[in-house]
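Input: a single structure, listed below in C-alpha cells.
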Amino acid sequence: MAYPTALLDVIGLWTAWLMMMLSYSYPLWKENHGFRFAEFTFVSTMLAINLIVAISNVMRVAITPMTKGEWSYIIPIVLGFAMYTMLFSRYRWISRYPVAILVGIGFGLGMRGVLIPSVLTQVIATITPPKVGDPMSWLNFAYIAIGTICSVMYFLLTYEHKGVLRYPTRLGRWIIMIGLGAYFGNTILFRFSMLAGRAQFFLQVLKIIPL
Amino acid sequence: MTKQETILDKMQKIDRRILYWVLFIGLMIPFVSPLGLPVAVTPSTVDLYKELTKVKTGEVIIINLAFGVSAWSECLPATVASTKLLFKQGAKIIFLGVHYDVDLTWAKIKDQVPAFKTLTYGKNYVYLGFYTGGEATVARLATSIRTVFPTDADKKSLDEIEMMKNVNVAKDIKLVLSSDTGDWCDYYIRQWRVPYGTPVGEIGIAMLGSSYMPHYQAGILFGMTVGVRGGAELEKLIGELGEATVTMDSINISHVMAIVAIGLANLGYAATVKRGGK
Amino acid sequence: MSTLLKREVVYLITGVVAVTMFIDFFFFPKGWDVASTLQTWAMIIGNIALGLGAVRLLLFYGKQVQKRTVGVWHYSVWLIVYFFICLITGLAGYITLGHQDKNPIYYWNFTNVYTPLGQALYAMTGFYIFSAAYRAFRARNIDAALLLIAGCFTLLTNAPIGEVIWVQIPVIGRWFLDIGQVPGMRTFMIAGAFGLLAYGFRALLGKEKGFYAEVGGQ
C-alpha cells in the first residue's frame, strides 16, 4: 500500500497517528486530557458502530425474513426487544424470559458438546501409548499421562492434600506451573506483536519505513 | 542507620515510563534495520498447511474471521497466507466474521491477496458478513446457513449466488478455518466437529496456542498456527513472505528485552534475599 | 402468581430449552426442528440484544452529565455528541445507500479514528506486561521458578533469536510448548468441562439464580 496523496487520506492517516499517540501519552508520559479525550472518543465510536451493526443485522436476520413470510420470527423479535425492559426497574422481570432461553440454549449446547472433545478425547489421548517406539516418545507419554493425572488430582480433589495425596498433588502443581509458564510466554508474544504493529505504524506515518 | 542503595536496588525503583520508552523504541529499531533471522516451522503449522494442500478444486471452505482490528498483527498474516493457499488449490471460500469491524478485516484481506483481482465473487468466494449469537448461531449455521445468513453482506440472496446453490449445511463444507481470539473455535469444535465430523483448524492468537494444544495433540484440530509466529511460518511454507515475517524481527528484540528484564528482576531479588531482605 | 411468573416459569423454560438441545443431539442425528427453531430464536434474540450494552452505557454517561461528575462530565458530553455524529452518519449510509460504510464520513471515522484507537488501546497491555516482567516475575519458590523457566524458554523459542543465542533453546522450548504444557492445559480443559456440566445441572434444576438476580432485582 503506497503512502496516500489525496488530502483527506493524508489527514486521515495523521489523525490515526495522533489518536495512537494520544492513547500512548498515558503510559509514556502521564494521565492527561489528551488520553481521556482519546479514550472517550473510542468509547463513543464503539457504541455507535455497535448500535448500527446491531440494527443492520436485526434487519437482515429477523425483520426482512419476517416480512418475506417467516411470521414465526415475531416471537423471538418480541422477546429480543423484551430484553430492553432490563432498563426499567419495574418491568425488569420481563427480560428474564429471553435470558432464560439464551441461558438454556447456552448450557444445552455447551453441555452436550463439551464431553467428547474436552473430556473423553483428552482422556483417551492421555492414556494412548505412542505408535513410534523411540525412548523420547515413551518418556513424553509417561510425562503427559502422569502429569495429567497428578494435575487433575491437584485441581479437582477438594479435601486436604496430605498423607498419600501430598506428593502427587505437589507434582501436579509443579506441572501446572510449567503449563502456565508456557502460557505466559505465549501471552508475551501476543502482547508484543500488537505493540510491534503500532511501532511499525508510528514509523510508517513518519515515512521512516514504507507504508 | 540507612542502608546504602546498590545499583540493583536503584534499578528496582526505576520509573516505569523509562521501561515503556525503552520497549517502544526497541520495537521500532528492527523495522528500520531488519535482522532477517529465519523462522523454523513448527509441527502444528506444518499439519495445518498439509491439510490445506489436500483441498481439491471446487471444495467449499469456511474461514471464520473471529478477530477484530486490534488483533490484525496476530491473526491477519496467517489468514491471508491460508487464503492465498486455498485459492491456489482452487477452493471456494466462504468468509464470515463475528466482530463488528469485520468489514474492515475483509477489506484488508482483499487488499493483501492478489488472487481476488482475478477471481469472481459468487463463483470462487463469498463474503457473508457479520454474525452474532455465540454458540447457538454456530449450531444453527451447521444445520442451515441460510437461516443465519439469508443474504450475503451486500444483501444478495444466497440462492442467487452460484457457489452457494448446493451449500447449506455442515456436510457441504470441506473444513472450517477459525481465525480467532477467543471461544469461537471451541464452538465450531462442539457444534461442527463433534456432531458432523467437519475438520476444524485454528489460526489463533498466541495464547490460544497453549489453550488449544491439547485439542491439537488429541487430533480434534487438524492443525493450528500460533500468533504472529504462526503467520510467519505459514508465509514461509507458501513461499510468500509478508507482514508476519517483518514483525518477527521486532519480536526478536522485544523478547530478548523481556528476558533481560526478568533476569534483572531476579538478580535484584536474589541480592535482596542474600542481604536478608524480602 | 407473581412469583410463579417471575421465577418458576423462568427456571422451567431454562430447563426445557436445555433438555431440548440434549434430545436433539442424542436422538435426532439429522436435526430436530424444535431444537433448530429454538437456536434460531436464540440467534435473533442475541442480535437484538446487541444494542443493549450501547444503550446502557449511553444512559450511564448521560447520568454523568446530569450529575456534573467532576473530571468526567465534560468528556461525557463529548462522548454523547460524537456518538450521535457517528450514529447519524452511519444510519444515513445504511438507509440511503444500503450499507453504513458507504457514507464517507462514517467510513472515514471508522478507519481513521475507531481502528487506530482500538489497536492502540489493546496494544497498551504490552507496556504493562513488560513492566510486570521487570518488577513482579521473581522466582521466589520452586513453583514460581518452574513458571519462569518454562516462560523464558517459550519466549526464546517463539523468537527466532533464541536459536542464535544457544542452539538447544528451541529444542527445549519446543518440548515445553508441545509436551510440557499439555498436562496443565489438559487439566484446565477437563476441569472446565466438569465445571460447565456442574454449573449447567444447577441451572437446569433452578438452583443457579445468578443470571436472573440482576435482571429481576431479587
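As written, the chain order gives the labels A, B and C, with residue 1 at the start of each chain.
Heads up, the rule we're going with is that a contact is a pair of C-beta atoms (placed from the backbone, for glycine too) under 8 Å apart; a residue touches a chain by one contact, two chains touch by 3 or more.
Quick caveat: nothing in here was measured; it's all calculated off a predicted structure.
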Problem set entry | Set of chains whose contacts include both subunit C and subunit A | B
Seminar exercise, completed: Of all chains shown, the one whose Cα mean is least distant from the combined Cα mean is A
Exercise. How many angstrom lie between the CA centroids of subunit A and subunit C, rounded to a whole number?
Worked result: 5
Exercise. Whole-Å distance, subunit A centre to subunit B centre, using C-alpha means?
Worked result: 12
Exercise. Quick one: subunit B and subunit C, Cα centre-to-centre, how many Å?
Worked result: 17
Exercise. Of all residues in subunit B, which are in touch with two or more distinct other chains?
Worked result: 20, 23-24, 70-72, 101, 132, 134, 136, 139, 148, 155, 195, 206, 209-211, 214-215, 217, 226-227, 229, 251, 254-255, 258
Exercise. So which stretches of subunit C touch two or more other chains?
Worked result: 25, 39-40, 42-47, 50, 99, 110-111, 114-115, 118-119, 121-123, 126-127, 130, 133, 148, 151-152, 155, 158-159, 177, 181-182, 185-186, 188-189
For this session: Among the residues of subunit A, pick out those that touch two or more other chains and give their numbers.
Result: 24, 27, 49-50, 53, 57, 61, 102, 105-106, 109-110, 112-114, 122, 125, 179, 182-183, 186-189, 192, 194-195, 197
Problem set entry | Residues of subunit B defined as touching subunit A within the complex | 17, 20-21, 23-24, 27-28, 31-32, 70-74, 100-101, 111, 129-132, 134-136, 139, 148, 150-151, 155, 189-191, 193-195, 205-207, 209-211, 214-215, 217-220, 226-229, 246-247, 250-251, 254-255, 258
Problem set entry | subunit A - residues contacting subunit B, complex | 1, 24, 27-30, 49-50, 53, 57, 60-61, 64-65, 102, 105-106, 109-110, 112-114, 116-117, 121-122, 124-125, 179, 182-183, 186-190, 192-197, 199-200, 202-203, 208-209
Exercise. Mind pulling up the subunit C residues that touch subunit A in the complex?
Worked result: 5-6, 10-11, 13-22, 25-26, 37-59, 75-76, 78-80, 82-84, 86-87, 90-91, 94, 99-100, 108-130, 133, 142-144, 146-155, 157-159, 176-177, 179-194, 196-197, 199-200, 203-204, 211-212, 215-217
For this session: Provide the residue numbers of subunit C that touch subunit B in the complex, in ascending order.
Result: 25, 29, 31, 36, 39-40, 42-47, 50, 98-99, 101, 110-111, 114-115, 118-119, 121-123, 126-127, 130-131, 133-140, 148, 151-152, 155-156, 158-164, 170, 174, 177-178, 181-182, 185-186, 188-189
Seminar exercise, completed: subunit C partner, complex, touching residues on subunit A are 8, 12-13, 15-17, 19-20, 23-24, 26-27, 36-58, 61-62, 72-73, 75-77, 79-81, 83-84, 86-87, 89, 92-93, 95-115, 118-119, 122-123, 125-126, 140, 143-144, 147-148, 150-152, 154-156, 172-189, 191-192, 194-195, 197-198, 201
